[in-house]
Amino acid sequence: GFAMIDNHRELRVGYPEVVYCEGKTVDQVTDIVEHLNSKKVNVLATRASYHMYEAVIKRVPSAVYNPLGKTIVVQNKKKKETESYIAIVAAGTSDLPVVEEAFETARILGNRVEKIVDVGVAGIHRLFSKMDLIRGAKVVVVVAGMEGALASVVGGLVDKPVIAVPTSVGYGTSFNGISALLTMLNSCASGVTVVNIDNGFGAAYSASMINQLD
Amino acid sequence: GFAMIDNHRELRVGYPEVVYCEGKTVDQVTDIVEHLNSKKVNVLATRASYHMYEAVIKRVPSAVYNPLGKTIVVQNKKKKETESYIAIVAAGTSDLPVVEEAFETARILGNRVEKIVDVGVAGIHRLFSKMDLIRGAKVVVVVAGMEGALASVVGGLVDKPVIAVPTSVGYGTSFNGISALLTMLNSCASGVTVVNIDNGFGAAYSASMINQLD
Amino acid sequence: GFAMIDNHRELRVGYPEVVYCEGKTVDQVTDIVEHLNSKKVNVLATRASYHMYEAVIKRVPSAVYNPLGKTIVVQNKKKKETESYIAIVAAGTSDLPVVEEAFETARILGNRVEKIVDVGVAGIHRLFSKMDLIRGAKVVVVVAGMEGALASVVGGLVDKPVIAVPTSVGYGTSFNGISALLTMLNSCASGVTVVNIDNGFGAAYSASMINQLD
Amino acid sequence: GFAMIDNHRELRVGYPEVVYCEGKTVDQVTDIVEHLNSKKVNVLATRASYHMYEAVIKRVPSAVYNPLGKTIVVQNKKKKETESYIAIVAAGTSDLPVVEEAFETARILGNRVEKIVDVGVAGIHRLFSKMDLIRGAKVVVVVAGMEGALASVVGGLVDKPVIAVPTSVGYGTSFNGISALLTMLNSCASGVTVVNIDNGFGAAYSASMINQLD
Amino acid sequence: GFAMIDNHRELRVGYPEVVYCEGKTVDQVTDIVEHLNSKKVNVLATRASYHMYEAVIKRVPSAVYNPLGKTIVVQNKKKKETESYIAIVAAGTSDLPVVEEAFETARILGNRVEKIVDVGVAGIHRLFSKMDLIRGAKVVVVVAGMEGALASVVGGLVDKPVIAVPTSVGYGTSFNGISALLTMLNSCASGVTVVNIDNGFGAAYSASMINQLD
Amino acid sequence: GFAMIDNHRELRVGYPEVVYCEGKTVDQVTDIVEHLNSKKVNVLATRASYHMYEAVIKRVPSAVYNPLGKTIVVQNKKKKETESYIAIVAAGTSDLPVVEEAFETARILGNRVEKIVDVGVAGIHRLFSKMDLIRGAKVVVVVAGMEGALASVVGGLVDKPVIAVPTSVGYGTSFNGISALLTMLNSCASGVTVVNIDNGFGAAYSASMINQLD
Amino acid sequence: GFAMIDNHRELRVGYPEVVYCEGKTVDQVTDIVEHLNSKKVNVLATRASYHMYEAVIKRVPSAVYNPLGKTIVVQNKKKKETESYIAIVAAGTSDLPVVEEAFETARILGNRVEKIVDVGVAGIHRLFSKMDLIRGAKVVVVVAGMEGALASVVGGLVDKPVIAVPTSVGYGTSFNGISALLTMLNSCASGVTVVNIDNGFGAAYSASMINQLD
Amino acid sequence: GFAMIDNHRELRVGYPEVVYCEGKTVDQVTDIVEHLNSKKVNVLATRASYHMYEAVIKRVPSAVYNPLGKTIVVQNKKKKETESYIAIVAAGTSDLPVVEEAFETARILGNRVEKIVDVGVAGIHRLFSKMDLIRGAKVVVVVAGMEGALASVVGGLVDKPVIAVPTSVGYGTSFNGISALLTMLNSCASGVTVVNIDNGFGAAYSASMINQLD
């Protein structure tokens, strides 16, 4: 029983190195970003506090911070932007941090992105007025908290893969995103897959893979 | 510290006596229905098996069974039907047992009822083609399983009290109705209240109270 | 498959615009309230900190704060108060924040409201001494934490729609309101519907719809 | 570190031997009951099927079966009945199996018992008409399913130890007794302690200990 | 259907007034304690911060604080101490806050109390060396966190009512007391009843009722 | 606020009509399949019992049953098979029913499919010997129960979108698929999205969308 | 990034092949056992019904069935029994199926085993009378349901690795073994590790590894 | 029924005294460590804040702090290090605090330890390059958060007892370690046992017992 394997991560070109900052110290984050930057690769740091950014910027001046999405991006190589695009659709303004994390991830991976926000199902005509833009996408990311019904409604209206991101927005029985997660997993619309609560990064990473398939 | 109370149940006229059959024997159900019938009041038995009905009909020939809703109804007094109506809106055919329990309850309480079924959000145009009928109601009961998104969509489209009934329809993470229940409790649309999973009776009872307010 | 829909929210007259402040910045809340106020509509902001209120009052001097209910109200149009009233019944003093949120919501929607507080079931004679006032209401909102038994007791004593609000009051197995929520969903009294934990706003919104039906 | 212990069970006189039949075969139950009977002690078998009883009665003709409580009792020694009594209070007829298990347990342990059933809080006047009998007890066992509010109401009205037994009666969010259990653990009335769901045996055993203290 | 009830709380003599301070402001607690003190009754305030005590002591100089148990006691009437005693048995030092809440409650209710602490089952010989003192009690309160096995072991060794208090001590899968709670509810030893997590007050209140029965 | 929407389902050509048989009667399923067949479209019925198939085959002789996957397929139009393929990777033989539901769904939607089964992580060399076939796919469906670790391992080894299907295989703390579901949602490998427990249909539907993007 | 791995399973000598029968058909089990037997290795099949055994015995006459443990064993090679032994300690008779699964697993792996059953903590003197035998073991497996306190008590008394197996024995809040599982994971005694609910096989497999270390 | 027991803890030589600091005050920790040190035994304090260490060091100058593992160690007696070793294998850098707690525990108990960190399954070739070191151990401790798949993969590759420690690392559906815990309990690889979430101490204590068996 012997087998040989190789690891694809080493072989991919142009992919950013990703740093997950939660649970790391400011020093650790700074060291890692500086080290990666010295290798001239693209860097994406998620869940980064402003405090971390302030430390990073001193050593990597080209670092850019998205305060809502809590991302640090260092773009050393420019990938050509895709022609097809990812639509990121969100229910309410409290979902914006997750939208922005997804946006930055999709962008540094080289994707064209269209954001369609504040189209929750309580006022469904807002969603319908944006249906053309949503249907034009190659893949759709739906971000929603509370009861997360937006994923089902969008899933029923488009004929493209939908990646649903439950958010921890809500209170009481929203149980920090569990309600939205269950809604999305049980979606009566076909073609909806789901990622972890608040995982804008993961949704965009999968969406990018799909958007760049040929 | 003394206080006097009276119990309103004794004072209400025309209300049916309600028998909850789950966990009762066939004999117990038959005895109770026969006894109530002898008092010439209306009787509604819920969660009644066909077997129970067969035993009841021998002693109370006017008893009527709804096999989908699992209700036995004995109408001894005819209440004048309301002019305003209750709309019962349901997502899929598997939700019909709960729809029928709600329907029989609302009917024996004297309400006009309109049923609008198979309008789940996966094909939302089916719902829109029925919006006029739904909006014409005084109160709306929404019955849905799986992810239960229908309650939010309807709640956002009508300006009437919505009573949502989660059903145990689904599998896996529907958790026998918990997913739909959480969706409904977290509805981003205002004006939605919720009852227990599969509780068509309770929803119709509350809807009847509202429909008959003046 | 084409369908036309309209959105009822645009068509309703006199309804306040509602701002949910949790997860918004002070600046965002201030901007939104000022903007809505400039349109001369009524404004209700819920879950607003005192800090938010201090910022709002500088730009909208007619804004009024309820520190217990954490609401900001701006009344630009006066609706005629209803003759029928909503009774808000609460178990203990720790439930008062939810009572006040419900109260402010019901008031800005134009309803007469009667508050009956500190009538928990541990000393049930306190409740009985208030039964006449409660029974006089068109619709009853019951607010209770811990085991939430008050909803069942009130539901058994009145012949009106009861909207139950579980609160997160309690410790240990109260599980931040889950115990009260389950109690209310399983109420053995008919005519009780339920909203999300601590959702005084939602209960009052539904109650107002019912109180203003004709 | 040496210590000597003795086991009190060997030293108690007149206590019945208790057999928990769930998960045992008919043969095992029959053998155990026959063996204990041969020692001329009192025997209580709980969770016994009728099938088990039929096998036991052939070898122990004095065995008595309670079909609702699913108990087999063999009384070889007669203990003098207590003067003080245990009140067993129950909400609905579906709770009767648990009531009967508690009743048989309390009886074989030598206690006078008063049963007060069908006094659920939905029609609270039924409970009040029995308050004198309940208050006369030395200890009160309250048996209730669904939302279990009866324990709180009784606990608020009597000045005696209350032992609450949640039952698995209900559906949906009653979660097989969890709703009633949480209600009882969070009771706002002081003096209420709780046992496992459907554990009529355990409640009566503790109640007997209390009733026989001097 | 009319019924008359009285409330037993008004009729009991010598019972303290109890104030539950969690969720109350310092001012509210101070006002309530001062008011009750002016009626010359005994007062017990639970879950009181040291800050609350500092405010109370200025207006009620006879108030006494237990910093571990977080109780304020004002003894205006001295009840004769019982001859029989309550044993409070605890597993570890982290359970002491709950032990002290129970102790203060039992004391102000007039009971003799014996505390036996640091006798967790990991070193079971420590428990055995205290068995005589525990068995001499009329009723035993067992306080334990983590896996809560102490309640079962004590329940198996004594022939008296045992009231078990799960505590929120532990981490990970102790789930803030749920593990200990489940252990106690499922105790294989008969005669164990359970109260809410960390509810030293409730356990002592019930224990006092039992200790003072005659 | 008016908006016009159309529903994409009507507009898609060649898509099968899907019938979800759970909770439907044999008669209902037979009627629906016969009706759809008469329209000469492709039909896929999932969760169909053999009993249902026996009734269907009498009226639709071209219906084909997959006993493991519990699907009925009626192929009236032949879609050209894709050149790119979907890899369906499964851990153990007990996962085969879900594999087969996914397989039949993907096939009737026109996809080339490669099945790689019995490659659970307990013997990881089995997986490695199949890596070339897995990496050649355009999209990978991973089916696993118990702890579901296979999704993470595959996700780390391939550079394609991975859709993970937790199955209800296992016992005890597998909690009917919850353990595998959580594993997949928390996968440390990027590019993994998740569907409901046992939802082979949904995974294949999404995979088909991705496989047929251009 | 290339790496070479080998799989240790192929390299181990004398280990039995293990078949997990749950979710397999009678035919599948028979085929697998016959095939393995033909390779002259030892075979252990767990969770095998008597029905499966009847089919196996026809083709593999040396197969031996343990009806309580639901195991089929085919011993083709005799491993020398260890001198050191594994102690399997169990609380009650309902835990015996798990005890037997562990016993058969340990035996076919070549271990000497001592069973000590019916020593639950409700009568702790039974356990103490067996302490010498338990302490003589090299590793101890503790099997217990309900509240599972036995693992903590044994863990506190022995100085050897303890592997705890929660069983699904119990009702109500035992939650099919969750209560015992949590108890064991939170054990205040050091040296206790835990396996899945009812997993006698896994506990014995680990115990065997430990018993055969040198 | 009399029995004599002794407690093994008193009889073991060279074992450290262990202090669990969570929930203790700085003063309590300082007093305990100083007292134990005066008895010239080895001392291990876990979950100790730096603040606690600063107080301890003033009175016990030989105390050593591990800031990541949050342990204080005082080594008064030197035990001879074992020749065989414990491998501690960890998925990511956020798991390091638990690794260090395990490391310090294993060391003070006299074990040789090898740490292999940052070998999570997302890049499985990193793990394979360390397999020789892992396979050389007598017992393996695997530390992993998020989905915890590392335990299954390692368990499938080594033929030694594996003790798995789930960590609370992750977010959303990692549920503070529950996801990793369930993964480990359901591991499809044999020979894996599990301890409480973040319980590096307990894993190392059991591993030490195994490593020092002879």
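All chains are identified by letter, namely A, B, C, D, E, F, G and H, in their written order; residue positions are counted from 1 within each chain.
To be clear about the criterion, a residue touches a chain if its C-beta (ideal position, glycine included) is under 8 Å from a C-beta of that chain, and two chains touch if they have at least 3 such contacts.
Computed from a predicted structure; not experimentally measured.
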Most widely separated chain from chain F, with each centre as the mean of CA atoms = E
Pair joined by more contacting C-beta pairs (E-H or A-F) = A-F
Inter-centroid spacing, chain H versus chain G (mean Cα positions, whole Å) | 26
So, in whole Å, the Cα centroid of chain D is separated from that of chain H by 46
Whole-Å gap between the CA centroids of chain E and chain F = 57
Please set out, as single numbers or ranges, the residues of chain A touching at least two other chains.
-> 1-7, 9, 123-125, 128, 156-157, 172-174, 178, 181, 185-186, 190, 196
Over in the complex, which chain H residues touch chain E? Could you list them?
-> 5-7, 9, 22-24, 28, 166, 168, 176-177, 181, 196-199
For chain G, which residues are in contact with chain D within the complex?
-> 93-94, 123-125, 128, 169, 171-174
Touching chain C in the complex, chain D uses residues 91-92, 120-124, 146-149, 152-153, 155-157, 170, 172-175, 178-180, 182-190
In the complex with chain H, residue positions of chain G that touch it = 1-5, 7-9, 12, 18, 125, 128-129, 131, 135, 138-139, 156-161, 163, 181, 185-186, 190-196, 201-203, 205-206, 209-210, 213-214
